[in-house]
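Below is the structure I would like to discuss, written out as structure tokens.
Every chain is named by a letter (A, B, C and D) in the order it is written, and numbering of its residues begins at 1.
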Amino acid sequence: MNIDCPEPQLDINSLTAFLDDAFPPEARASLGAVVEIAPGRVRLRLEPTPAMARPGNIVAGPSLMALADVAAYAVIAAHHGPEPMAVTHSLSISFLRACQFESIHADARLLKLGRRLSTVDVRIWQGSEDRLVAQATVGYAQP
Amino acid sequence: MNIDCPEPQLDINSLTAFLDDAFPPEARASLGAVVEIAPGRVRLRLEPTPAMARPGNIVAGPSLMALADVAAYAVIAAHHGPEPMAVTHSLSISFLRACQFESIHADARLLKLGRRLSTVDVRIWQGSEDRLVAQATVGYAQP
Amino acid sequence: MNIDCPEPQLDINSLTAFLDDAFPPEARASLGAVVEIAPGRVRLRLEPTPAMARPGNIVAGPSLMALADVAAYAVIAAHHGPEPMAVTHSLSISFLRACQFESIHADARLLKLGRRLSTVDVRIWQGSEDRLVAQATVGYAQP
Amino acid sequence: MNIDCPEPQLDINSLTAFLDDAFPPEARASLGAVVEIAPGRVRLRLEPTPAMARPGNIVAGPSLMALADVAAYAVIAAHHGPEPMAVTHSLSISFLRACQFESIHADARLLKLGRRLSTVDVRIWQGSEDRLVAQATVGYAQP
């Protein structure tokens, strides 16, 4: 495998099935749907739920952290194959704009896919790809 | 006010009331209870709920991120007074051990309480204070 | 100004002059040269010096942190104009590969250019743009 | 070994010798001296040099990043023993106050000492322990 431009091992259906299996149903609904897979990348889309609302009708920061985390997990699973073993090692997120109560996209891109440590860049946006709501860098460890 | 050792402006009851008001009821339950306030510090305790469970009966990382975020918000509110205006600017979290399905404590400590930017250290632990599950550094901006 | 695609206020010569002025000469040499400016972006190139060497003939991590920091400062100065007032508020860096002892590029891109807080993504690479050595997210505060 | 309260394997002299050996002489001088070792902890002291000066007679942020990085490396070496193999995986730093041009202390504390991944909290201060200039969380990977 070319580390710099890895080929996905899963398609949208099998990645979706893997995520449905990995999370309890009550959590799964708030973690977004896989809408695109490409070499080194996965895109999720999330429709906010009422529990995510905060004053001013914006989406809560922790909902975006959870989305960034699952997007990173999804892009690793898509490229390593469905071994449900990776655990989040670290996550750094910067909030850039208030997240409106409308569709949210998360684009996860592999910065490094290692055997033991992987690093993923996640861009969260609304409306258009350059209208960023948050950026996260997520480190995953594979045991 | 002495920035290096600020006095809390709120007690447990009024901080609890402020948090109850700031979050929707369906989110509030998963964000922990205020159990201690001291100069520059607030301690929360969270009993995990079924939606937080992950395979291996551990608590999901995003639940801990949400806890770190609210703990940081709580310590700022406790010292600035109840103005519901601070927004998370950045959050960096390191996961240190699997979080067991039992009581979780979050100790938030002000590293800097500024007029516009505050930085908070959050230690999440189980069982005893030195048994850390995660450490987070959270930046909040006041408009 | 369109925040999502800001126009640079400085060209390469004036940005270089600004940086030459902002840093002491003995530090300036290890901080790279401005080689490109575009809307929302600045590229620096750094030739490693002997003081940056570490065992295995790789470039030390702190040299890359310093490069990320100056690249973020440069892209803010290029778009805000030459006011030497911004200070680093936070920096998170992930190291992805060993940095070889050869030319290093740093691409800084504005994620948000605010009046008081700006956030910059920095990609550090060698050889080709997709051969990343490190990724950093840098927060700057303007007083 | 008790992970929660590990015993140091090196004393000040042997840790100093290890660091002197690990860094080139021209870099070593700007990385501080080991002044204290305790279970899970190492303290470094750094006297700023002219190359670290920035306008306003403050110490440059990257000098503090380099100090945080070496302090984390030192506390791992002190507890794992002198194997010069750990590499920085990630570093997140928050700047809290301007760093004056006087003695700087860095207190590194092991949050987790793992076989493959270690996480270290670093507090940088001047004058007294609670007068923090910066806080960093550093992840190291052992190959």
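Rule of thumb we're sticking to: a contact is a pair of C-beta atoms (placed from the backbone, for glycine too) under 8 Å apart; a residue touches a chain by one contact, two chains touch by 3 or more.
These numbers were taken from a predicted model, which means no experiment stands behind them.
Visitor: Looking at B-C and C-D, which pair shares more C-beta contacts?
Guide: Answer to which pair has more contacts is C-D.
Visitor: Averaging over Cα atoms per chain, report the distance between chain B and chain D in Å.
Guide: That gives a centre separation of 27 Å.
Visitor: Could you grab the centroid distance between chain B and chain C? Build each centroid from C-alpha atoms only and quote it in angstrom.
Guide: Inter-chain centre distance comes to 33 Å.
Visitor: Averaged over CA atoms, how far is the centre of chain C from the centre of chain D? Could you give it in whole Å?
Guide: Centre separation, chain C to chain D: 24 Å.
Visitor: Multi-chain contacts in chain A: which residues touch at least two other chains?
Guide: 89-90, 92, 94, 139 - these are the residues of chain A that touch more than one other chain.
Visitor: For this assembly, give the contact graph shape among line, ring, star, complete and other.
Guide: Topology of the interface graph: complete, with all chain pairs in contact.
Visitor: Where on chain A is chain C touching in the complex?
Guide: My answer: residues 4-5, 92, 94, 96-97, 111-112, 119, 121, 130-132, 135, 137, 139.
Visitor: Sort out for me which residues of chain B touch chain A in the complex.
Guide: Listed in rising order, the residues are 22-24, 26-27, 50-55, 60-62, 65-66, 69-70, 84, 87-95, 98.
Visitor: Contact residues on chain A for chain D in the complex?
Guide: The contact residues of chain A facing chain D are 89-90, 92, 116-117, 139, 141.
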